[in-house]
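Paired with subunit B in one complex and with subunit C in the other, subunit A is shared by the two complexes that follow.
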Partner chain A sequence: MAASESIWDKLGNLDRRILFWAIVLIIIIPLIHPLGLPVTVSERVREAYNFVEKAVKPRDIALIDLGTGLGPMPETMPGLLAMTRQLMRLQARIVFTTGYISPEAVVVIETVMDQTLRKDPKFVYGEHYVNFGWYTGGGTAIRRLASSWKDVFTRDWYGTPNERLPIMKDITGADSFRLVWHVGPEIAWITYWKLGKNVPVLVTYMALNIPTYLPYYAAGDIYLLGGQRESAEYEILVGVPGPGVPAMDYQSLGHLFVLAVVVLGNLGHIRRKLKRGTQ
Partner chain B sequence: MNIDPLVVIGVIWSLVILSFLLYKENIAYRFAEYTMIGVAAGHATVSAIYLINGSNITPLLRGNLLHIVPLFLGIMLLFKLKGEYAWLGRYGIALVVGVGTGDVVRSQMAASFIRQITSTLEIFTIRTAEQAFNVFVFMVAMLSTILIFIFTVRPVGAAAPLPKVQKLGRLFVMFVLGTIFAHQIMSRVAMLAGVLQRLVALFGF
Partner chain C sequence: MSTRFIRRDLPYVILAVFGILALLSYYIAIPAIETMAGTSRTWVVVVGAFAVLLGAFNVVRTHIVRAYQKKKDYWLSAWLLFIYFSMIVVGLSAGTGSGQYKWMYGAMYTPLAQGVVGTLGLFLVSAAYRAFKIRTIESLVFFLGFFLIAVRQASIGPLLWPGFETIGNWVTLWPSTGTMRAVTIGLAIGTVALALRTLARYERIGLEEGAMVGGG
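Now for the complex of A and B:
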């Protein structure tokens, strides 16, 4: 009978949409009233930052490749912006590409350039940075880029031929680049650029992909920034405020809420099991 | 107040998509879903034409006749649409699959298999007590987890403790799954927050 339902039974039969609404509210509150929870920098992020600081010299060329669309951007954008700003401070030249088929990836590149490079008149398009846009072929194309860049890209995303891009005088293949910063799940960068050509590879992607990348990180093949949390840490190291650090408020509250729900769910499950055992 | 109409459209679109989770499937959600698929398919087609033109047709017209091979194989793929000539498309696919497999076997063996084994062996260079403890936990976790997948040994005699070791292995697997679940939450919360952030900003917060 419904009247004899305990609180545990009610929780067990709760409409999941109530939980979704609760999550929405928990995220919105710190967006309106930031809590300013502290963020500490982990060793993995410091390693990546220190590597870039030491390795990149003025006029070195860095490749930023997007293997993802807009969906994961709340997680990866803070790191992407912070990294671009760091490379700008180090006076590096930056090349953008994407192997992601959806239209969103080029929008992300445009957003990054709008918020960083295009705001600084010292950086001239074609000379200090260039957007080559989309390439197809996944791992095969990444391998080809390593051996002969012009076989994959004959012009930039806006149709300018390579010959009219001054930066292209110094780009032939993987050897021309000081590092690759890949935002996405493409392992081919490790295979062909790190292990094949010994170009350092840094990876940023969603938190849920960290377990996939951890073996490569443990093997010393990549530097890794996983998810929004580590992107926020990178923001702190670069020292330019961005969207990452404030996001840690709702991340912490969201985690606490899910943790509480998981604990309650397990308690209810154990209780039901014990009840069944005594019957 | 200066409001960007694109942001308004983005917020409305996001809310329509979220209505599936927060309310139930509805006609507005379906409209948004189909629009998204249509736009993505349209963009992919145009991008593909742009890319084929740049990397194949243009070099071919400039006299690089080698580009006729991929163009020919690509056209043959279109025969897949016509049942009786579908076999013609197999040549292009065979080449792609063959090259892909050969490439993956060679490269992934190096990156994901041999490199992982050598880096695992590197952990045995122990210098501190902390490293020794880590290696001990790592070895117990690795061996007990691998032993879960041994199904051909009866738990008798020397193999009698096998079920207990497998139980320990299951515990480690659950730790890993728990970690992956926590990372999933982080990703999903971040994605949802990205949408809500635009919503909150629209109302001036």
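Now for the complex of A and C:
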């Protein structure tokens, strides 16, 4: 039977290990030898960038909240770094928090601070930026942060009491912040901070989860960056090279490969259907 | 107070009191109610922290028992406990901002966590190849949507044909947004109905024997 299989049947019945190796090679080769595929900036990303440029003035306070762990970071980290750099250029003060139920999000915050704020001696911890780390309580805690910050955080992640953090003189609740940038799936930022306190909210998350946010974006409630491509686009707008743009090479090839694989998987099926139709 | 009251009725009383308090604070601007509701929200944060602590103790207890009784793959439980306490010891002694703690995360945990997520890519390719068969008009429409978004999200898409960008954006902004709007509104109405049924004790919340969360 095997000898009578056509090339189309064989392509429709590939060993999955071949597919595994193919996708591994498709990702590794552009990592070793970048293709330099150009990235065009979409309207949605430009809107978010322009908003931050116009809205944030020196000494304004921006809140960056992580609602996710390490898994989605290849998609979201480039945007996170680019946004932090943009806020630094605009001389904003930055507060980091996370509601993700694992300490790994705090490690992401540490990584972001290591690669950006801690490299610039003009930014002093406690005065220009602070890491409050982790809170529990999800949406309820987010609502409480909006009305009374000190009811959720009495000290920063390293144990320093609020009274010894100069930035805390200007933070009471949502009204103290110029914007929130949430990386993750938590809708409560929109409900309690944007709709409740009119604080502009920017969201970035994996492309997979972006449809959840689309109704809010369409209603003008949020600015939205979706997935690796839009993170890379933000990187281009900020103008500081990062991991996002080079990653688009293997992401592009990976997407094309998955599409090709779906077509391949359907070849045998379509052929059998055609055969049945002619009999 | 009987055990039955404490186990079955008291949780409903607590739920009803705090639920109604939260509702009132949203709709009625009375400072006393707002203060009480605010305090209850602070309690949620504290209770949440204790719940995490309870979860951590449960993990330790479960795996100590598994390792001690030498159940199947007990060495994985022993390894989990070793890593678990190593992180705690380093975190408490050197601090979570220390180089050692960050190294444990950066060099050990991060590659593993991202590797697990990355592995999904391999299964996605395999599943797309074997299971994604275009048998009906609906599956063809699904494939076309997938095709347009996948090409639009890749930077190579607009290079191949600028129209991919325009059509991909259209799919995102109109059919996708419209569908998600319906899902979001439906979910919100369902959540309100579920909350009211729970407050009125028409929904069981997993306290009775054999009850399921949300089961009617």
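Methods note: the second predicted complex is superposed on the first by the 276 of 279 C-alpha atoms of A that agree within 3 Å, B and C clash if a C-alpha of one lies under 4 Å from a C-alpha of the other, contacts with A are read in each partner's own complex, and residues count from 1 in each chain.
Rule of thumb we're sticking to: contacts are C-beta pairs under 8 Å (C-beta built on N, C-alpha and C of every residue); 3 or more make two chains touch, one makes a residue touch a chain.
All of these numbers come straight from a predicted model, not from anything done at the bench.
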{"item": "Joint occupancy of subunit A by subunit B and subunit C, clash or fit", "value": "clash"}
{"item": "Which superposed partner A:Leu14 touches (first subunit B, second subunit C, both, neither)", "value": "second"}
{"item": "Which of subunit B and subunit C A:Arg229 touches, first, second, both or neither", "value": "both"}
{"item": "Partner chain in contact with A:Asp221 - subunit B first, subunit C second, else both or neither", "value": "first"}
{"item": "Which of subunit B and subunit C A:Ile23 touches, first, second, both or neither", "value": "both"}
{"item": "Touching partner for A:Pro72 - first (subunit B), second (subunit C), both, neither", "value": "both"}
{"item": "Touched partner set for A:Tyr192, first subunit B, second subunit C, both or neither", "value": "first"}
{"item": "Which of subunit B and subunit C A:Thr40 touches, first, second, both or neither", "value": "second"}
{"item": "Partner chain(s) touched by A:Tyr135 [first = subunit B, second = subunit C, both, neither]", "value": "both"}
{"item": "Subunit B versus subunit C as contact partner of A:Arg144, first or second or both or neither", "value": "second"}
{"item": "Where subunit A meets both subunit C and subunit B, residue numbers", "value": "20, 23, 71-74, 101, 103, 135-136, 140, 143, 151-152, 207, 210-211, 215, 218, 227-229, 251, 254-255, 258"}
{"item": "Contacting residues of subunit A [partner subunit C, same complex]", "value": "14, 16, 19-20, 23, 37-40, 42-43, 69-74, 101, 103-104, 106-107, 110-111, 135-138, 140-141, 143-144, 147-148, 151-152, 157-158, 207, 210-212, 214-215, 217-218, 227-229, 232, 248, 251-259, 261-262, 264-266, 269-270"}
{"item": "Subunit A residues touching subunit B - in the complex, by the definition given at the top", "value": "17, 20-21, 23-24, 27-28, 31-32, 71-75, 101-103, 134-136, 139-140, 143, 151-152, 154-155, 187-188, 190-192, 195-196, 206-211, 215-216, 218-221, 226-229, 243, 247, 250-251, 254-255, 258"}
{"item": "Residues of subunit B touching subunit A in the complex", "value": "21-23, 39-40, 43-44, 47-48, 51, 54-55, 58-59, 99-100, 103-104, 107-108, 110-112, 115-116, 118-119, 176, 179-180, 182-187, 189-194, 196-197, 199-200, 205"}
{"item": "For the subunit C and subunit A complex, residues of the former touching the latter", "value": "38, 41-42, 44-45, 47-49, 51-52, 95-97, 102, 105-106, 109-110, 113-114, 116-117, 121-122, 124-126, 128-135, 143, 146-147, 150-151, 153-159, 165, 169, 172-173, 176-177, 179-181, 184"}
